[in-house]
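For reference, the structures are reproduced in the following blocks.
Both complexes shown next keep chain A, but they swap its partner, so chain B is in the first and chain C is in the second.
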Partner chain A sequence: MTFPDIMIILARGAGYTILVTIASVSAGLAAGLFLSVLGTLRWKAVSFFLGAYTYVFRSIPVLVLLFLVFFGLPGLGIRISPFVSIVLTLGLISGAYLAEIFRGAMAGVGQDEILAAEASGMNRMQVFLYIIFPQMFRMSIPGMINEFTTVLKYTPFAYTVGIPEIMKEAMSLAVMTLRGLEIYLALGIIYFIIYRLFVMLFMTLEKKYRIPGLAPE
Partner chain B sequence: MALIQVRNLVKKFDGRDVLKGVSIDLYKGQAKVLMGTSGCGKSTLLRCLNLLVQPTSGQVIFKGEDITLPGVDVRKVRGEIGFVFQHFALYRHLTVEENVTLGLRKIKKIKSREASEKASYELNRVGMFEHRNKYPAQLSGGQKQRAAIVRALAMDPDVLFLDEPTSALDPQMSREVVTVINRLFLDNITMFCVTHDAFLAKYISDSIVFMDDGVIVAEDIAERLFYESADPRIKQFFMSVADHR
Partner chain C sequence: MDPFINDLIVYWPQLLAGLERTLILMVIVSLTGLAGGVCVFYLTLVKSSILHKWTEAYISFFIGTPLLVHLFLMYYGLPQLGIRLSALTVAVIGFTLNVSAYNARYLATAYNGLDKEELEAARAQGFKHSETFRLIILPQVMRLSVPSLTNQVIQNLKDTSVAFLIQYHDLFAQIQEIASSNFHFFKAYMTAALVYLALVSIVVLAARRFERFISLPGFETH
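Presenting the complex of A and B:
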């Protein structure tokens, strides 16, 4: 078995890695956005909940939370698939980080612009949709790239609940062939390629939505 | 009947009286300028009139309706009052044209094409048509303020409020904006403008209201107020403004 053969075999498992990453980041984006919008309400109970959520999910190790979801929830009669378990776990964790990223970006939106939108007769939803969100999204892209990278690096945990992603494929192959060096080197290269592809995608997005005259061209 | 009638308006911030029973009328087609020392309550008064700031007591009667009463559709009222801010407050992620059309499309529910035509027409009137595809960060201060004026005017408001429209500009850019506002004055656009700029006040007003410490001290035409007032507060204010210029 040559090195390219190893690369091809592992690349087949890359589909799951990409799927888990995209699904987890999407769940994280939804959770982060929801939490950051909730934070704008400035209610004491909500602020406490948000603080607690961020604190808890940023401090629990990924594997502990994943096992809690996959092996723990059935004890309460809740059975969820391995795929949903990893997406839920990574989504909850990245949601906590993304909420902070969105919160910071939201604070960067000019108060005078919000006031001008209110003065023109927009309601709160319109102000959010047309003034706050488009700017918040643009300002969050660098933070989102970071968070995406983190989620990608967490995806190997998916093998612990039986998802046949790239890490699991690599481990099986290493056991069968005893060529650990080449296999894990190929694995690293594939992760790097996936990472680069996604970073290029995000950079294209950032460039497309860059505000002329405001950020460096 | 006046377009806006303000009766005994009071605003307190943290127990401090910022407005102490202000009464004033603004008629359709009239241009009034509000002047006074910093912190005398001018901007607060302007913001109370479209409820960006909620008055503590008193009445603001807009088109015959007391808008301080509960149940009033505040957003509808605001949609009928154009507001121009000191620091422009343009939406920085939108081009000049998009800044103008956003309110038309989302608040007035005008179709994109019509909104765009309206924006082009209004931008052309103030010499901003060629800058329609630029973003706020690519404009000079004077251009930003002209765009902000067009954004407010495009909504066809019953009255245009201007809060220190030239304060953030250097003298040359200030002249650009004064020229535009003067044209609105000559077109009989109803305006209520807060400013320290005596030059602007003189060229865009039917009358000037002078405020001090939360109360209206005097109201008169520019020449009489500038040169003939016997009130020491008014004299001192206009002397300091003249020195500053």
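Presenting the complex of A and C:
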């Protein structure tokens, strides 16, 4: 078995890794957006909840939360599939980070623009959809790429709950062939390729929707 | 008394030993990662284009690939060449390579925001490259990067839990063991979560104090 053979065998498992990454980032984006929109309400109880949420989920290690969800919750009678467990775990954690990124980007939207929109008769929903969101989203792109990378790099933990993604494939291949060195090296290269492909995709999207003069630093 | 609390008391010495290993790993890799980060950052400033490319590739590779893969590569891959390293050694090397890449990135970002005229002035005064780096660039860049660097320490603390997957008997590994002996999984992992929350809180408080301590008026970082 040559090195390219190993790469090909592992690359077949990459689908699961990409699926877990995309599902987790989508969950994180939904959570982050929801939380940052809640934050604009400026209600005391809500702000306290948001602060606590981000603090807790930015402090607990991914592996601990994953084990709590997958092995711990059944003790309370809640049984969750491995896939949902990893997506929930990474979604909750990246949601906390993304909420912070969105909050920062939202603060960068000009107050006079919002005022002008309100003056021309837009309601709160319209202001958010047409004025705040398009700008905030563009400004958040560098932060989102970072968060995406972080999620991708945490997906190997999925093997601990039995999801057949590339880490698990690599481990069983290493046990069978006893050639861990080449296999884990190939694994690193595959992760790097996935990472580069996604970064390139984001960059292309960002260029396509860029507004001159409104590029994030 | 709750049987789980009872177990915690019975296993107390083990838990403490695990906590100690977690903290040791965090402290070592935070220090080596900082030193490594400064070295890698220095290499990014070198004019030689080949070296520059390699340094960029290094940073990009370690930021783009999972730490767990590097740990497995060394722990399960190297024995193939007859090199057997202990879990702690593997963890220290793997974390250091990773954390150095991140720290170098933070320092480079801070460097980009620096007033380049100062560097020209230093060169005009006859400062050598190494002197400009040591006396002009590094002090400013380090100060500007303190929030990112302390965040990295928090990240290191959380990531030490990964080392349990290569048989390093850290805090999480010990809690794991208690859980698999008494089957109170939820309580065990909840305890782990709370302990990490407490540890992170301590580091956060220390980091804020440190940031205040080194802040210079007019050089506030955000």
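Here is the rule we go by: the second predicted complex is superposed on the first by the 213 of 217 C-alpha atoms of A that agree within 3 Å, B and C clash if a C-alpha of one lies under 4 Å from a C-alpha of the other, contacts with A are read in each partner's own complex, and residues count from 1 in each chain.
The criterion applied here is as follows: a contact is a pair of C-beta atoms (placed from the backbone, for glycine too) under 8 Å apart; a residue touches a chain by one contact, two chains touch by 3 or more.
Computed from a predicted structure; not experimentally measured.
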Using the overlay on chain A, decide if chain B and chain C clash or can fit next to each other.
fit
A:Tyr154 in the overlay: touching chain B, chain C, both, or neither? Say first, second, both or neither.
second
Please indicate which partner A:Phe48 is in contact with in the superposed arrangement: first for chain B, second for chain C, both, or neither.
neither
Please name the chain, chain B or chain C, that touches the greater number of residues in chain A.
C
So, does A:Ala119 touch the first partner chain B, the second partner chain C, both, or neither?
first
By the touch definition at the top of the document, which applies to A:Phe3: first (chain B), second (chain C), both, or neither?
neither
Under the superposition described above, what is the C-alpha centre angle at chain A formed with chain B and chain C, rounded in steps of 10 degrees?
110
Once both structures are aligned on chain A, how many angstrom separate the closest C-alpha atoms of chain B and chain C?
23
Can you pull the chain A residues that chain B and chain C both touch?
none
Report the residues of chain C in contact with chain A in the complex, numbered from low to high.
61, 63-70, 72-73, 76-81, 154, 158-159, 161-162, 164-165, 172, 176, 179, 184-190, 192-193, 196-197, 200-201
Partner chain B, residues of chain A touching it in the complex:
110, 112-113, 115-123, 126, 130-131, 134-135, 138, 211-214
Residue numbers of chain B touching chain A in their complex, please.
50, 52, 75-81, 83, 85, 87-93, 102-103, 106-107, 134-138, 148, 151-152, 155
Hey, which residues of chain A end up touching chain C in the complex?
56, 58-65, 67-68, 71-76, 149, 152-157, 160, 167, 170-171, 174, 178-185, 187-188, 191-192, 195-196, 199
